[in-house]
Amino acid sequence: MDLFTLVSLILIIAMLIAAVVAAEIKDLLSAAIAMGIVSLIVSILFYILQAPDVAITEASIGAGLSLAIMIFAIKHTERWEK
Amino acid sequence: MKRILGGVIAVLIFIVLALAFVHIPFGNIDLAEYHYYNPVDNEHTQDSVPQHYLDEGKKETGSTNIVTAVVVDYRGFDTLGEVTVLFLASTGVGSIMYIFEKEKRRKVRRANAVVETASKLLFGFIILFGAYIFVHGHLTPGGGFPGGAVIASSFLLLYLAYPRFHAEHKNLNIAESLAGLTFVGVGILGLFLAGYFLYNFLPFGLPTYLFSAGVIPVIYVAVGVKVGSELTGIVDAMMGVRE
Amino acid sequence: MIDWINVLIQAGVTALYLFLAIVIGLLFLGIGRKVTARIHNRVGPPVYQNFIDVGKLLAKKTNIRHNWIFDFAPLFGLAGVLLTLAYLPMGGYRLLSGEGDLILLLYVMVIPALGFALGAGASSNPNAGVGVMRALTLMLSYEMPFLLVLLSIMILYNTASLDVLLSKQMHFAWAIAMLPLSALAADMALQGMMMEKPFDIPLAPHEIASGPMVEFGGKYLGMLMLYSAGSVIVETTLFVDLFLGGGVVLDPATYGILAYVVNYLVWFLLIFVVWLIALFINAVFPRFRIEQAFKFYWKWPTIIAAIGLVQAYIMSAFLGVMP
Amino acid sequence: MIAVHPVLLIAIPLFFAFLLPLIGLFSKKVLKYVVTGTIALNTIIALLVFREALNSPIFDILGGFKPPLGIVLMVGPLGGFIALIINMAGLIISIYGMEMKKEPLVKYYMLSLLLLMGANGMVLTGDLFNLFVFLEVTSIASYGLAAYNKDLKGFEGALKYVILGSIGSTFVLIGIALIYSQLRTLNMLDIATRLNEMDPYVKIVAFTSLFLGFGVEAEMFPLNTWVPETYDGAPHSVSAMFASMSAKAGIFALARVIFTIFAFTNYLWFVVIMGVLTVFFGEIIAYAQRDIKRMLAYSSIGQMGMILMGLGIGTTMAVEGAFFQMFSHAMAKALLFIAAGYMIYATQTEKMSEMKGIGRNPLIGIPLLIGILSILGMPPFIGFYGKFYILMGGFSEGYYAIIALFLAASLVEVAYYARFIKIAFEGGGKRYPSPKATVYIPLLLFAVIIVIFGVYPKPIFEILSHVTTFLTGGV
């Protein structure tokens, strides 16, 4: 197993964990942040796979803006899922 | 019970899809066996689409960044569609959030001085960086979408630092309309000049120069402005503090 | 030139057939009144009473005007019945042709129900409203077994065309012999279709004063009488065509005009028999309530028809009875 | 050289949609005329495109790169026909949409133009990924429009639609990714010719993904739970648009996935079963409804199921019927939704039981009656041919049990529409305000189309004779 595979494997497992957390957790703010983490890891993976264009886009939109928008939306409603 | 059922279905879908995705080659594969069929002229050729992009992309579009060549030139119509999708999202959010316009100004807490000053300083630089990304879309990684997102994030910074701040909605609308009109206008111009919608009718120039690759920079600037103003509009609508 | 003459002859024959059908229908209604009266130990009106009634009604001037729908509804129903008649072979002769006749008939036969609904709505009489809701429920109930019956016949004879069905019945065997169970179910459905007792719930003269027809008088009532005369012919003919070979005993290809005459007479005899059976049932049964009718139809005839369907399927798919 | 570029059907609404905010700055009054004018222009172009497509399929190359390098629009006779239907329905609905009062008007008009553009794109495009893009355009425009009323019902419907629609889009994307990874091409005809190079397992998974994904838009049985809430909560003109534009585009995309791309014939029984389940559940639940728009929505599900059944049966006759049904349903359902809009406005309630005598005004009553009869499949109206051909096609293929279910469902349909007719034409109701010109003109236009092509369906059948080439994998 070379370094490349190892790093991707770790990242993918972390991504899966973050995705499950985002789906299961009752605290919506944490769920939003977990989704941001998924996007961040995806953008790192894109970068590793030599797709810088997609990586930039994913980082700025997925991890940055959509996270902010989601937090604004949570601010308008309630933080805890019932 | 419901949760268990849901879990079982999710696992089943995962297994079915995973078995399919196993067949997808990861990384480089031998492309020689592929040939492509052109239904318009009804001819078969020994070539593969990705290999063609890599080999001929620079020559055919004038763009140094092959991703940009594919996104804006080969499949420019898809990009137009995606821009429209973003436009729709912004319009939809605007239409749904319209109800909040009448909401009274709420009591808001000011951010502290460090944040205010730093965002004032950074604001210009971030915009500049965003503009750089989309202006150089045909030369370096990046392009209209990330550039626009970066610009929007600079406005986001202002929203965070100054809770009473809001971008003038009218100006945002004008910017996104003009940018969209530019994109469609370039397309229609291509239709009239060369008979193909979105045809790259400007001279390609020298590769790696800023003014090269024909209409690609024009389109990417339009896309950047459009994405920037739309995302700002969405953030603005979501903030919901307006008179 | 020749074409025009042909068209004119065609139109004349069509008019004649439809006219005869209506006349026979009126005659049947008259016979029905007489027979029922005799079973009830009454004298009853003369057989020709209905002709007099219709003549009188159509000659009347109508003063009650509601609105355009009210004027339109009886016409709508009558047109639907005439259209259905045109698609049904009467004595082997059919005016309009089409390929999927049986399926087409199912559509066309719904038109009168819609006409009922329209007419009832037009006259803002509560009795009419009640009648229409009952008619719709009744339709839903009897159509279920009837559909299954139609399907069994279509499967057994492997056709949806009435022409083919009739010729196959003439050459091989009547469907009533092949599918007795389906015929039984169809007869039960027929009783509801004709709205005779025990299924005269929508009309129920003593209860809701003839239901949908309550507001109609004069010319409109005359038209409605013609309509019910036509529908008696439609329903009996449908049963005869489906199960009794449509009265076709001689092949017109070999016997020519004689075949048409003989077939027409046989058809007349057969529908008369079917009508008489319906009348006898009508005369001795009391009226159901609507929910009883619904339960009845979705229980017994449906089960019988389903068994008939299975039988038809086995006969056609495994035994290959019918070529 | 092409005389009329089909791309104009997409470019013109897009251009005007971008222009609308600028016009809106000066005057909000002219907006509605601009929108109607745009769609009228589009309809004319659609007519020209259709006329040309009848002779030979049009390939409109975009960006100057031949497929599969670039994107191509591929318009056959049937595609042109469906595009014409969509634009025509859009034009007539936009007349009704002129009445729209609720702010923000600019956004309403933009969204409806873009919905039209997306539906056009879905019908015209010859590229699989482009189809996905337009699916997104259509569905996102629909989300915005569905919640336009900004009341609880609208939000609920829109939310359901968003969730199911996103899942559907994801499935479409997965299907496209699988196909592209195996064949390295996105052009539909290119895929179709080289489909046997694909791994059989991947092929089936890709087909299922695409089928399920477009099934959401086409209101297929397990994926149509969004339909009643969305149709119910949306503004009336928008419900009409959904029924006649986006649903038709979705089902046409589905037809192309089935026939043009995959040319599957041995899996079609699956489609038939899905179709008949859709019909059955749609009609049965519609019978139980008390609100008019919900009833129409469920009836719409039933009708879409009939189309699906016709596609699944797969003989020339049944597919002809399916296309005819698309045409008739687009016209009649749009009519009924507009009429329902007026009725809800006039009676101030959605309950059917309180709409006594609403149809007594001939301007409403006659089109209403024509629309209902056409939906029921009564002979002199266009609805008849679609249903009848689907049934005959099914009969000739030996789907006996399915035909029985279909017929039973049609009977239920007759029952609930007749119930509504009875209420609508009943006397003794209140006096209602008479409809405005923007209500009765579209109603009459739809009714005239229904009657004309019902009495004289020959031109439509001439168009539909191209179904044979469509079935064998042509354009």
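Brief remarks follow.
Each chain gets a letter, A, B, C and D, in the order it is written, and its residues are counted from 1.
Quick note on the criterion: a residue touches a chain if its C-beta (ideal position, glycine included) is under 8 Å from a C-beta of that chain, and two chains touch if they have at least 3 such contacts.
Since the structure is predicted, the reported quantities are computational estimates derived from the model, not experimental observations.
By count of C-beta pairs in contact, B-D exceeds the other of the chain pairs B-D and A-B.
One finds 37 Å separating the Cα centroids of chain A and chain D.
With centres set at the average Cα position, the gap from chain B to chain D is 29 Å.
Between the Cα centres of chain B and chain C there is a gap of 67 Å.
Per-chain Cα centroids separate chain A from chain B by 19 Å. For chain C, residues touching at least two other chains: there are none. Among the residues of chain B, none is found touching two or more other chains. Contacts between chains, counted with the stated touch criterion, involve the pairs A-B, B-D, C-D. Chain contact summary for the complex, chain C toward chain D: residues 66-69, 83, 99-100, 103-104, 106-108, 110-111, 113-114, 117-118, 120-124, 129, 132-133, 136-137, 139-140, 143-144, 147-148, 151, 154-155, 160, 313.
Of all residues in chain D, those touching chain B in their complex are 1, 5, 7-8, 11, 14-15, 17-22, 25, 59-72, 74, 103-104, 107-108, 110-111, 114, 117-118, 121, 126, 129-130, 133-134, 136-137, 140-141, 143-144, 147-148, 150, 174, 177-178, 181-185, 187, 189-190, 193-194, 199, 201-202, 205-206. For chain A in complex with chain B, the touching residues are 51-57, 59-61, 64-65, 68-69, 72-73, 76. By the touch rule above, chain B contacts chain D in their complex via residues 16-17, 19-21, 23-25, 31, 34, 36-41, 48-50, 52-53, 60, 73-78, 80-82, 84-85, 87-89, 91-92, 94-96, 98-99, 170, 173-174, 176-178, 180-181, 184-185, 187-188, 190-191, 194-200.
Residues 357, 359-360, 362, 365, 369, 373, 376-379, 384, 387-388, 391-392, 395, 400, 403-404, 407-408, 410-412, 414-415, 418-419, 421-428 of chain D are the ones touching chain C in the complex.
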